[in-house]
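There are structures below to look over.
In what comes next, chain A is part of two complexes: it sits with chain B in the first one and with chain C in the second one.
For the complex of A and B:
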């Protein structure tokens, strides 16, 4: 089916996310204004105005009541989804690379960059205690001593956080103790994206080392590995089929020297268990920065360095296709 | 020491005075000092009988002549041997007035003698007389052999096993070598359907690259200290050739000799730049110096490996095997010689010389070893010439770049204008070798003969408008244009080793476009692309083609793809830091022409059997794949079941955290919501009338 092209961002899209129902698609980009769209027809519902720098990350609460964004303007903002009003603003001393709501939506998490002599940290706030954000007194600050965090998500319930690091490490943190429970090194370069499956028992990593890998969330055991020829910027797990979708491509900085075809900006669909690629979706003329399956599993969206978001709805053929086994 | 010496140290003045008067020995004095002690150093310099022996050489196998021709012989020999130093003495032993077939020469110093021995040993004076030269001192050495001397044990013959083992493969699959991991790992694969089978993998097998010998018997690996050859069933080491810094190698077509080249500084007296080895014994046959600006291969072999030739300014030197001496002891003088090549099937050399003032450029066919000029073709207005032999030696195509005008620019370099091009086609097998001319106005990008057959293909045109033309040489020797393919993206031509099929490739700059052409009717069977492809190689049977992207020229997407001869993609191998792939050559077929004809006639009968076999391997492979997948799926499903159980058990906790959320499982009957979107506004003015 012809994809919907959402062109509301003036610069590269950095992250996209669906809400739990899948009717809304949230996106943020380097142009400072996160957007929210109707996923069904690609109409823009609204914009969150306020950031003054590139926006790196976005997340939406399970009940779609509020949205959190992190930006290079050294702030984290929590917005009212309905009105677009900024509910909270936290000043941070560096750019914010990743942020997210916990399972309950009561806690928020964000990670900071290791720049200008500032240490990389993961910070937690309890939204129920308004004073914490107002006075900038986090519930918990976890200092990341080694390689800096390049991606982080809430893991099981409200108890753990999983972080991906610049050196390829994947760590699991216990927020009760504020320390690392386990570290695995399966990647050789930055882990730039982490996404959970629908029942939160597994997660998939996307790394600049051209691989995406599937892990068990409880044990951090490596389950599967998906190999490509280009850096992988994002990977998402289908909620209804044993499929994963990978997106990435030649690094943005090298793109000018190569043709679109050579850059390999296609999204690739792999069988989750057999690790075999079975389809490619063309379209972006720059690397894909973020991918997300619609929670209904019938479509997925990709946001690219080219500034476009493409909503791809699967053809009937996709649902008929089965691997022989 | 004796007393007198000790006294000498404690001489007092009285004693000196005494001694001044009388130097004679006292009567009872006994001279017990030996001459050696007194003037040993002088004695050692005393001329000896054997002095000068080291500077003497003996030359055997010289002609036996009488007094009348002795002077002439002496002149000839003096000329040869005075090159190594001044001859201070010569002696021709005679018997009955005739020389006895050997001569003694004495040089001014032993170095000259040694040099003379080295350089003239085996010198061929004429057909009957090959010099045997030795130092005179060697005779002592050889005559004083200790009595308990034992002859060295003959070296046991080392059985290298069956070196043709790879040809015994039941299904006649071909092998190829692959270097990957940036050069650290080398593998040998068997080209089996679906997936290649790895036969051998070794780390650091070679330091740079590998090469197969022309008949496929040996695999040569390159090392700082020399070349190693591998072969037989398990790729065991067959031979080593120690040549420091070796860079390039070349096998003789018969696989008897190996030529190696090292760019390291050469030894002036003992040429080391190019070494020719006997491949089976590992013995160095001869070393050569390398001149500047040489193009590899410096030595070109005749098709049978009998001769090898090299070019140097104004000379063409042909050497013969196994002596590696100059053929007929002299080089060919060819003023301004530009290039030469051997026919791939006969001992014929073709060379060309450019124009010189009013003398036209010439292309000359020379028969070896007779040096008879078979054909000379004069050409005018020649800027450059390239020569292409057809593989069976039936035709020679000479590409001539010609100009309308030429002038010298300020720097004295010649500039040409109004270029046009033609091919001079020599019909070697015809009487007097007639020549046909094919003219083209456009620049030639590539040219190639069909290896078997009488077609050739030319890529010509400017970069935006490239045409590929196929020509045929008819039985009446007329060369005619068969068909042209216009507007192509190609800069290389690769004919199937069996002829008929041809791959047009746009390598490197042209993005890896590949077109598989059947030249019987010049149709493009398939047009495909392998992004950034750097190399294309046919397998030796003409059944498969490999296109590759090498890490040596391209940092990304390295790997190789395997195609059928019709351009169907069979296998795709993306390999990190893949460097080189080379098919293992096959020796020529043992079937006679009649045999082959018969097989072609009954092809259908044979094909049925092979089709069945293919089907079986395929179904077996797909069965294996399905079994593997079933196992993976089962394992994964077990894992997922555990996950699901855990998920179920945590339902309460989830409910606790998200108060108000209805778990998906419990709410199958979701409310259907109708959403209306405003899509288009249309204004239709209804006519009021």
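For the complex of A and C:
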């Protein structure tokens, strides 16, 4: 395959996401401008200007009308995807680690850091009530006692949020009561990425403890575990095949002391059920920070510490491949 | 689908204004391939012709996507013309998905090295203790033993081993005495791959990778198939390389398929020659 290399960021890419139809790819990085790309030919649609710090997270509404980004400049911003204009800006006490639109797109969620004497919180706003954003009065603030949130996503419509924590906990929150429904401890180090599968019945975690794990969303039961020998920064589930792709590598701070070959920066494809690796794709010069499957399942993208995004379109060979068992 | 920029960028226009003897860029569309020919001066002030070919594809997309295609570019991309900006969108080198039949292969060189390190007894030069010299707790208080008895027998022996080649010429580390001859460790992998690679020639034009895989799968696990294809027509060029996991499988494949009639042609199978580097 001939991957497309998208070079719109000056610093390492932190998160990438496709929209629902998969024609647009959203990326944010440690520089201040998140980007939007046409996924088919790698053409850049635009950038969102406004943030003054590293951007940690990005999410797009189901109808691709607006985009939310969370940044280390202590703001969350909502953008118009068509024009790139900033629609809302929420001032936060600390850096924002994760953010997202709910299934309906009416609610937004973001999580804050536990730094500068501030507590880690998960906050919710209702976009339909403009006063909430204006007066900085969240619909709901859930205080996270204990280990801080390192990743969070909306789950099961607009009712629950799943969060991954620094100590390896995975928690499910009920936004009606504002409290934790269930906590599981399957990871020993921080959970850096959470991604839902196509029908939102399961989600996959990626953790620095060298594992990615598949959980049932309703019960938070551990279903499968994928083991590697380096920290996993991101994991994504194929929408059409029983495959998961894992990306990661040596910690960015150790990269200069390891060669590319030993850093193990390649993306790895695992069979979802048999938990066995069957293929790998090379490309990045540094660890992969974020991975996303195109919703059509025919390509996936990876954003790396090297600042590049690579759009990999699968060869026919991949679709003909049958896992032997 | 947005197509590539046909208008010269402002930078080119400035250049064109200054040096008008450059022919204007031309654009030709033929059999779904758009060819853009441009002229410019390179760094050595020589005229160069740049030919870029684009494949034009028509895709049917849903209405919402089609509407989004009409969006204007914004932000840092607002000055880009139609089509990808070559500064941001780079077509990467071909990369292959490596199918792994087995679990993670441990790198043997790394392992032996770390084992060797473990076996070496660490002795401090200062106090002869069981730790590195720099970590010695007495390093400030005791003068190193080396300084006291200047000539140690070990050092002399080491000095004699090094041959006195002092011509003043640079000798690469691999050619120096004591260095292991042969390729460096980073070369090993590709070498191993080539050993189990066979070349099939006289394939018909309609052959596809799946056909080749079908033909050779019975001989053993295949790690890579490369079928040479025409860039534009995607038809086979008539030869292919197949890399097996094991050399024995490759040998059996040569014996089995050589002279085999396939698609009204007689196949010719032989060992792939190592690529010249």
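Please note the rule applied: the second predicted complex is superposed on the first by the 324 of 325 C-alpha atoms of A that agree within 3 Å, B and C clash if a C-alpha of one lies under 4 Å from a C-alpha of the other, contacts with A are read in each partner's own complex, and residues count from 1 in each chain.
Here, a contact is a pair of C-beta atoms (placed from the backbone, for glycine too) under 8 Å apart; a residue touches a chain by one contact, two chains touch by 3 or more.
No experiment lies behind these values; they were computed from the predicted model shown.
After superposition onto chain A, partners chain B and chain C are found to clash with each other. After overlaying the two complexes on the shared chain, residue contacts for A:41 are found with chain B and with chain C alike. Contacts of A:321 after superposition on the shared chain: chain C is touched, whereas chain B is not. Once chain A of one complex is fitted onto chain A of the other, the partner contacts of A:310 are limited to chain C, with no touch recorded for chain B. Taking chain A as the reference, the larger set of touched residues comes from C, when chain B and chain C are compared.
Look at A:273: by the touch rule set out above, it reaches chain B but stays clear of chain C. Applying the stated contact rule after C-alpha superposition, one finds that A:105 touches chain B and leaves chain C untouched. By the touch criterion defined above, A:24 lies against chain C but remains apart from chain B after alignment on the C-alpha atoms of chain A. Note on the chain A alignment: of 41-49, 95-103, 131-139 or 167-175, the part of chain C that runs into chain B is 167-175. Once both structures are placed on chain A, chain A residues 38, 40-41, 43, 63, 229, 261-262 are touched by chain B and, in the other complex, by chain C. By the touch criterion stated above, chain B contacts chain A in their complex at residues 511, 531-532, 556-557, 574, 622, 626, 629-630, 632-633, 636, 639, 643-644, 646-647, 650, 653-654, 657-658, 660-661, 675, 677. By the touch rule above, chain A contacts chain B in their complex via residues 38, 40-41, 43, 62-63, 103-106, 157-158, 199-202, 216, 218, 223, 229, 242, 259, 261-262, 272-274, 323-325.
Here chain A touches chain C in the complex through residues 1-8, 21, 23-24, 33, 35, 38, 40-49, 63-64, 82-84, 229, 261-262, 269, 276-283, 310, 312, 314-318, 320-321, going by the rule given at the top. Remark: chain C residues 1-2, 59, 61-62, 64-65, 68, 71-78, 80, 83-85, 87-100, 103-104, 107, 110, 186, 208-210, 213, 225 touch chain A in the complex.
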